[in-house]
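One chain, chain A, appears in both complexes that follow, with chain B as partner in the first and chain C in the second.
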Partner chain A sequence: MDPSEVDFLSEKQHVKILPNFKEGRIFLISGDLGPFEPGLTAEVPLWMAVNLKQRKKCRIIPPDWMNIGQLEERKDEEKEREYFTEMPSKSYLELASLLLKSARDDIPHADEVQTLIKDIWEIRMAKLRKSINIMMQEKETHARLDNLTHLEINSIRPFLTSALDRMHILRCNVVENPSTGTDY
Partner chain B sequence: MAENKERGSLSDILNDSVDSEINEDEGEEVTAAEVLERLEQAWLNEKFAPELLESKVELVECMLDQIKEMEENLKEAGKGDLVGSLHRLEIQRIRYVISSYLKIRLKKIEKYAFHIMEPSNDKTDYISRLSAEEHVYAKEYCKNVEDLLKSLALDDMPPNINSLDKKKSVPQPNLDSYLFMKVLQPQEQVELDPDDQPTDLEEGAQHLVRYSVISSLLENGAVALT
Partner chain C sequence: MADDSLYGSLQVRPSGWDYFELDDILACQEKIPCTFETQVKDLGFLDHGSDSEHIEPATKMELPFWLAKELCARQRKIISVELPKVYREAYRQILEADATAVDLNKLGPYFYSVGGKLLEFGNAENPRIAETLMMTYMKRMRRLMDLSLNKLDGSKESQTLLPKLDHDEHNVFAFSQEGLREFEQWKQGVISKLTSSKTVINQRKRKRTEDN
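Presenting the complex of A and B:
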């Protein structure tokens, strides 16, 4: 899947905004939103929040996990646990990078937040590479990967699936011709 | 020449879906938001599955009707109108999903055209998975390719090698290809690998498996590709 499509999917999730305009309910195909009053929070999909922000129609309220304290806790937890921890959002990195790009002034301590999220991503990717390595060594034919987010799956998909497809063909050949088979 | 024809039938398919009637014969009340969600899942499933899946053209048509209606309402809204512009943005997003979905299907149909149109070759009846428009397209595509191969080369070959053995030479989807899936409805004792113990699939769990072991679960909506 193209990375832009991963972003596209992440833009569906809802975020809170503080509008500076007055508007009744909006009846979108994907559901009703609003009403909007200046100074009162409202929930909208991310794509709309970013669009309104670009037009200076609102401030985006960052999700409550997007602060230094919580992110540091999550980072430590991610380091300690053997398996992947559940992230606060199925697309935490997409959400964070989009907000940091388009609404940086709405996020307190944006630089630190950015670094922490990148750290978490890197810890998780290292874990992912390690688990793939184990999977290959154990010659597993399937794997369970709970709590992996879209972008993480997408980043290993092309390599991992085609490598496993190859290995499956090799394995089938060995089953069909056992006499010529080596380890695989 | 052949290309022009293809393009013609492609736009026919798109136009036809707009014209045809909304299909709500499933006997259940669904909101537009739910239809959109199902369409988005169908899009992702189609994107990752190696073979052609069941056509969800009724979802596409339902969404196209919604869009049409919305655009009708938007005609009165001016350019600078805030709400109107948000509606337009949403329509663009839905249009993207619809056209990507239809394009992925057309690509698969073109790639596996002979495999799909050859009824006897395997247990899956692909023709029933095509929408009416896709069926016409697949038929024409097969005929055009076959005519092209004949006029270009086969007719000039010696008689012993001038026929096309479709069974041997056509591309087929690799049903054993690996993919990521998530469990929507819990399942008990699923054989993810013939040599292994059957596993229970817990709701919300994600697995990396071969398509062939979960294709039936995908069909009845117990799992989704991700």
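Presenting the complex of A and C:
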């Protein structure tokens, strides 16, 4: 899967906006949206929020977790814990990068938020690599990694699937030729 | 090994001989040292060293794997197969000492797959060979993973590592670099822009034919 496809899927999640126009209910396949009143918050899918923002028809209200205090807390927790912590959103990186690109003025302290998100991503990727390495060295057949996000899984997939395929063949070789115990 | 039984139940092995896989076909061409057990008439010209008309018993020759496999079949044992030296004890000890330092491409570009195929000859050292192949792969994977997932090609380290990779490892490397490249492009926002396809750029403008 392409990162842009993961990105596309993440645009389905809802965010809150503050519209500055008046509009009735909109009927879409995924559900009804609206009605929109100026100054009243409404929930719309991300793709729509970005589109409205680009036409200067709304302000996007960033999710609660997208502020320095919360992100720093999460970063510290991520650093301390051996396992992956649960992320506020299954697609935090996609959401953050899209919002930071198109609605930077709506996010307080955007630069710091960007750095924090990047740090969290990097800590998690390092953790992911470490656990894969352990899994390989211990000759495990499977590993349980909870709380991984889509993009994280996607970024490791090409390596992991191809490497493990070959490893499996080599392992079958070992199983098919069991040592009798006397020859070494 | 304690996990033998687990693997036994998991085995969905690609039967070892994937007929149309190009890499597999190429791997089958690797030469293996063989000794003739019987006389083969009128094929003496294959052995450049001798002038005789026939291949005599005890002639040593390097044959590709696909030929050796057929000639060594149980019903007609025309040749006996020896282990190529890179799979013998001396090399196994080198690989066990430090697998990451070895230039596998030099030992045979298809080190792992040929090694796996050699097991078919039922050599007494089979368990050792299989074990060494797996350990080598596992030890080398760590470095391969770090390099292929960290930086895009061009870094000095990967330039020194790449020529030392076995063909299989090379594929893994290329595959994961491709994933990383896509991710980097996504991060920079290049991927969402439409670009014209390479074939269109390369294609020359169509010329008008004379009748229109």
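What we mean here is this: the second predicted complex is superposed on the first by the 178 of 184 C-alpha atoms of A that agree within 3 Å, B and C clash if a C-alpha of one lies under 4 Å from a C-alpha of the other, contacts with A are read in each partner's own complex, and residues count from 1 in each chain.
Quick note on the criterion: a residue touches a chain if its C-beta (ideal position, glycine included) is under 8 Å from a C-beta of that chain, and two chains touch if they have at least 3 such contacts.
Small disclaimer: the values here were computed from a predicted structure and weren't measured.
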First, second, both or neither for A:Met48, with chain B first and chain C second: first
Contacts of A:Ser30 with chain B and chain C, given as first, second, both or neither: first
Partner chain in contact with A:Ile153 - chain B first, chain C second, else both or neither: first
Which of chain B and chain C A:Lys57 touches, first, second, both or neither: first
Contacts of A:Thr141 with chain B and chain C, given as first, second, both or neither: both
Residues of chain A that lie at the interface with chain B and also at the interface with chain C: 141, 157, 168-169, 172
Of chain A, residues touching chain C in the complex: 2-4, 7, 97, 101, 129, 132-133, 136-137, 139, 141, 154-159, 162-163, 166-180, 183-184
Of chain B, residues touching chain A in the complex: 32-33, 36, 40, 47-48, 63, 66-67, 70, 82-83, 86-87, 89-91, 93-94, 96, 174, 176-180, 192-193, 195-196, 204-210, 213, 226
Residues of chain A that touch chain B when the two form their complex: 1, 8-9, 11, 21, 23, 26, 28-31, 47-48, 51, 57, 141-148, 150, 153, 157, 160-161, 164-165, 168-169, 172
Complex contacts: residues of chain C adjacent to chain A: 1, 3-4, 6-8, 10-11, 13-14, 112, 115-116, 119, 124-131, 133-134, 137-138, 141-142, 144-146, 148-149, 168, 171-172, 175-176, 178-180, 182-183, 185-187, 189, 191-192
